[in-house]
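One chain, chain A, appears in both complexes that follow, with chain B as partner in the first and chain C in the second.
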Partner chain A sequence: MTVAARPQPDTLPGELLMWVLILSELLVFGAGFAVLLGLRLTDPPGFAAAQVRLDQPVAAANTALLITSGWLAARGLAAARSGAAARCRISLLAAALLGCGFLILKAHDYAALADQGIGMESHPFFTFFFLLTGFHAAHVAAGILLLIGVAWSAQPAGVEVATAFWHMVDLIWVLLLPVVYLL
Partner chain B sequence: MTRITQVWIGLLLLTGATVLLAELAPPRAVLVPGALILAYGKARLILGEYLELRQAPGWFLGARRGLAGVMVLFAVLALAG
Partner chain C sequence: MKYQSQKIALAYFAVALALFAVQVTLGLVLGWIYVSPNFLSEVLPFNIGRMLHTNSLIVWLLLGFFGAAYYLVPEESEREIHSPKLALLQLAIFVIGTAGVVVTYLFNLFDGNFLMGNGGREFLEQPLWVKVGIVVAALIFLYNISMTVLAGKKTAITNILLLGLWGLALLFLFAFYNPSNLGLDKMYWWYVVHLWVEGTWELVMASILAFLMLKLTGVDREVIEKWLYVIVATALFSGILGTGHHYYWIGTPGYWQWIGSIFSSLEVVPFFGMMAFAFVMVWKGRRDHPNKAALLWSLGCATLAFFGAGVWGFLHTLHGVNYYTHGTQITAAHGHLAFYGAYVCLNLAIISYAMPHLRGRDPYNQVLNMAAFWLMSAGVVFMTFTLTFAGTVQTHLQRVNGEAYMDVQDQLWLFYAMRFGSGVAVVLGAVLFIYAMAFPRREVIEPGYNQPAE
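So, the complex of A and B:
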């Protein structure tokens, strides 16, 4: 008697714990975005007036930086898998460098708002703006350290975890951009 | 051109479209769904290609549905004001 072959269930790529982290982070940020949009209902003109003070070109430049660093990270992983350690290191360090560029632009963004006398308590919109973008920037900083950390060994398993974290940071930013800067 | 590079170009094009949409400043009824659809497109590319969820079709389908549901929630909240 033969046992009918059962279809293989979907297997998540990479580390399961990394997916747990990605889902948790998406839920936390998603809740923050929903609360921001919900609060906006209480004072649409006030939120719109606050939002126009943001520097949208800087946000667009930061998006291009993160997307490009994600591309470099993906190239780094492909290089690690093919055993090209030097190419992997260069790609990951370049991705980390662009991450540093993101943080510099973000600091410039905060400084420009501070020059206008805007802080966390200026308006509920800015409370959420600084909390959400600041929390995201902390993730960028952690991602930079991870990328630099795994670049040295260029082992596929470590690179896979670090680049997955980096793509998560990228993913959160592309969702943050419309909610915080545009809507 | 590798798939990774094609995805990168796709993401840059979607970002460019987002910038263009913001520059055109259309009515809110256009801006909100437009910006969220573009964000969905970028998130889908990152999930499917860079996070390699395309290798797990069932999980990818679930992620896309979940993401679409969240985008609808954001759109409803943004348009209600």
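So, the complex of A and C:
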């Protein structure tokens, strides 16, 4: 961690506290993935049997939604930097809209599992499935609010902080997908 | 001392140190009861002594925090305290409440009475009327400090301090809610106990430490504030859901075992941050501040808090480990070093820093104060080791081999005897500290070496 008194051009871009948050989140999700993979070693057939109950096409669609949304958010930041406020707002709101789409599909996912009578305590796999995807979905919801919030003023500094958060949400999903849905 | 109302802190520190003396004396008595279990069993049963030991600790630490706030807020906000009279009224309420608690516990007065009797919940045993008094006093305090800060200059240090103190007071309200379901009772109980020491108190600690670093090292405020924000962010990130490490075995759903294990493992980060912060500031600082004792206590605080709260906490925070160690002497080891490092040293650091200003003298008799630091710290560290070894043996005999509790206690005698010895060192250190603060008048360090503190 740097203690440089003033930000120089080649120091940390964006907001220091956002980077602290991103690192902390990656640590928490990383620990969650590691424990899930570790527990799987104790009961490979049980975990495999639990995993087939998940809806992988929905997860694939959600991946496409989030990655597209991340691209739109990045476009929004570029627009904010070049002073094109209207273009920035459209991109950020579109990114937020795709985030809402992600949450709708996620809710559908949970409802389908609930219909099968599956809950957090059904199997250790599902404990982690709901913990990890639930925490992630909560971050998607927070990210949507952040994107809408910074779209309001369309200032580059604020947009940078929100898009950094949004890319983290994106990154965690891309790591979560293989560990939870595919492996 | 730039502002007259800072003088309020002197009264708070005096009462705090008096209670500190009570706390460690009772600690010594309890330590002896572990060695010789029938000691004072009629006059001062163990459970009463333990209540007084923990309650007096909490009250004196809180009084120290209040004193610290009354000392540093005028300097940071650059104005007098809103109402010194209210501050003294607040202290009077605390003193009356504390006296009431001691008398109620000692003689078990009004047993079973909802208003006057012992509340019966560990650490929150205070009779209801005292709890109400605590809330009234806290409201007075928050009003007084907030009015001062709102009218004056706002700094990161006062913002974080206020955030911590407001949070502390609001969370205490959960002490009034006591559901009859024992699992729920414990769940809310931890909102007070855990979210105090591993949440709001950490904010208070970080801000007081930042104030001390600002004054003692002369590093730019800008740099100190950046550290402060990062430490506070990591403390809240890990500490709030870290509450889960108390929800392993109280009847809450199983997923808390994982939430608690993962988040509470990260609780070591803010404590590491505070230790790194203190040392980096001292290395970078250009100021050769004459109050070496305050600096020693500050560095000792950050270091021992990292080991006591961070390392010793992590030792038994994973639920797979805690399944075996829960409620053994491992917990006692962690509790002692964590409270000493994080909050006792912090209070003694700000008292060491403020006293010379409050009493209108240059830093004096630092040798005694610094000797007190080493004696007390060595005592607590040795105590931590003896209890850790006792806890390890206890975990194995009792939880792995399945021997009966009291049979195991018999076999731990040697560790308890050594712990008593370390307790003697702590009490002597505390006496030395109080003497060094209260009595010597003439011994001033050599002239020319002094620079006025800002």
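In the analysis below, the second predicted complex is superposed on the first by the 173 of 183 C-alpha atoms of A that agree within 3 Å, B and C clash if a C-alpha of one lies under 4 Å from a C-alpha of the other, contacts with A are read in each partner's own complex, and residues count from 1 in each chain.
What we mean here is this: a residue touches a chain if its C-beta (ideal position, glycine included) is under 8 Å from a C-beta of that chain, and two chains touch if they have at least 3 such contacts.
It should be emphasised that the depicted structure is a prediction, and the values quoted were computed from it without experimental measurement.
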After the alignment on chain A, I want to confirm one thing: do chain B and chain C clash, or do they fit together? fit
Taking the superposition on A as described, I'd like to know which of chain B and chain C A:Lys106 touches: first, second, both or neither. neither
So, A:His123: does it touch chain B (first), chain C (second), both, or neither? neither
How wide is the angle at the Cα centre of chain A, looking out to the Cα centres of chain B and chain C, in steps of 10 degrees? 110
Just checking: does A:Arg89 make contact with chain B only, chain C only, both, or neither of them? Give me first, second, both or neither. neither
In the superposed arrangement, does chain B or chain C reach more residues of chain A? B
Looking at the overlay, what does A:Leu182 touch: chain B (first), chain C (second), both, or neither? first
Using only C-alpha atoms, work out how near chain B sits to chain C after the chain A superposition, in angstrom. 16
Taking the two structures together, which residues of chain A meet both chain B and chain C? none
Quick one: which bits of chain A touch chain B in the complex? Just the residue numbers, please. 9-14, 22, 30, 33-34, 37-38, 40-41, 44, 47, 56, 60, 63-64, 67-68, 70-71, 73-75, 78, 163-164, 167-168, 170-171, 174-175, 177-179, 181-183
Which of the residues in chain A end up touching chain C in this complex? 1, 3, 5-6, 16-17, 20-21, 24, 27-28, 31-32, 35, 120-121, 127-128, 130-131
Footprint of chain A on chain C - complex, ascending: 220, 222-223, 226-227, 229-230, 233-234, 237-238, 253-255, 258-259, 262-263, 265-266, 269, 276, 280, 284
Counting only contacts in the complex, chain B reaches chain A at residues 2, 4-5, 7-8, 11-12, 15, 18-19, 21-22, 31-32, 35-36, 38-39, 42-43, 46-47, 49-53, 55-59, 70, 73-74, 77-78, 80-81
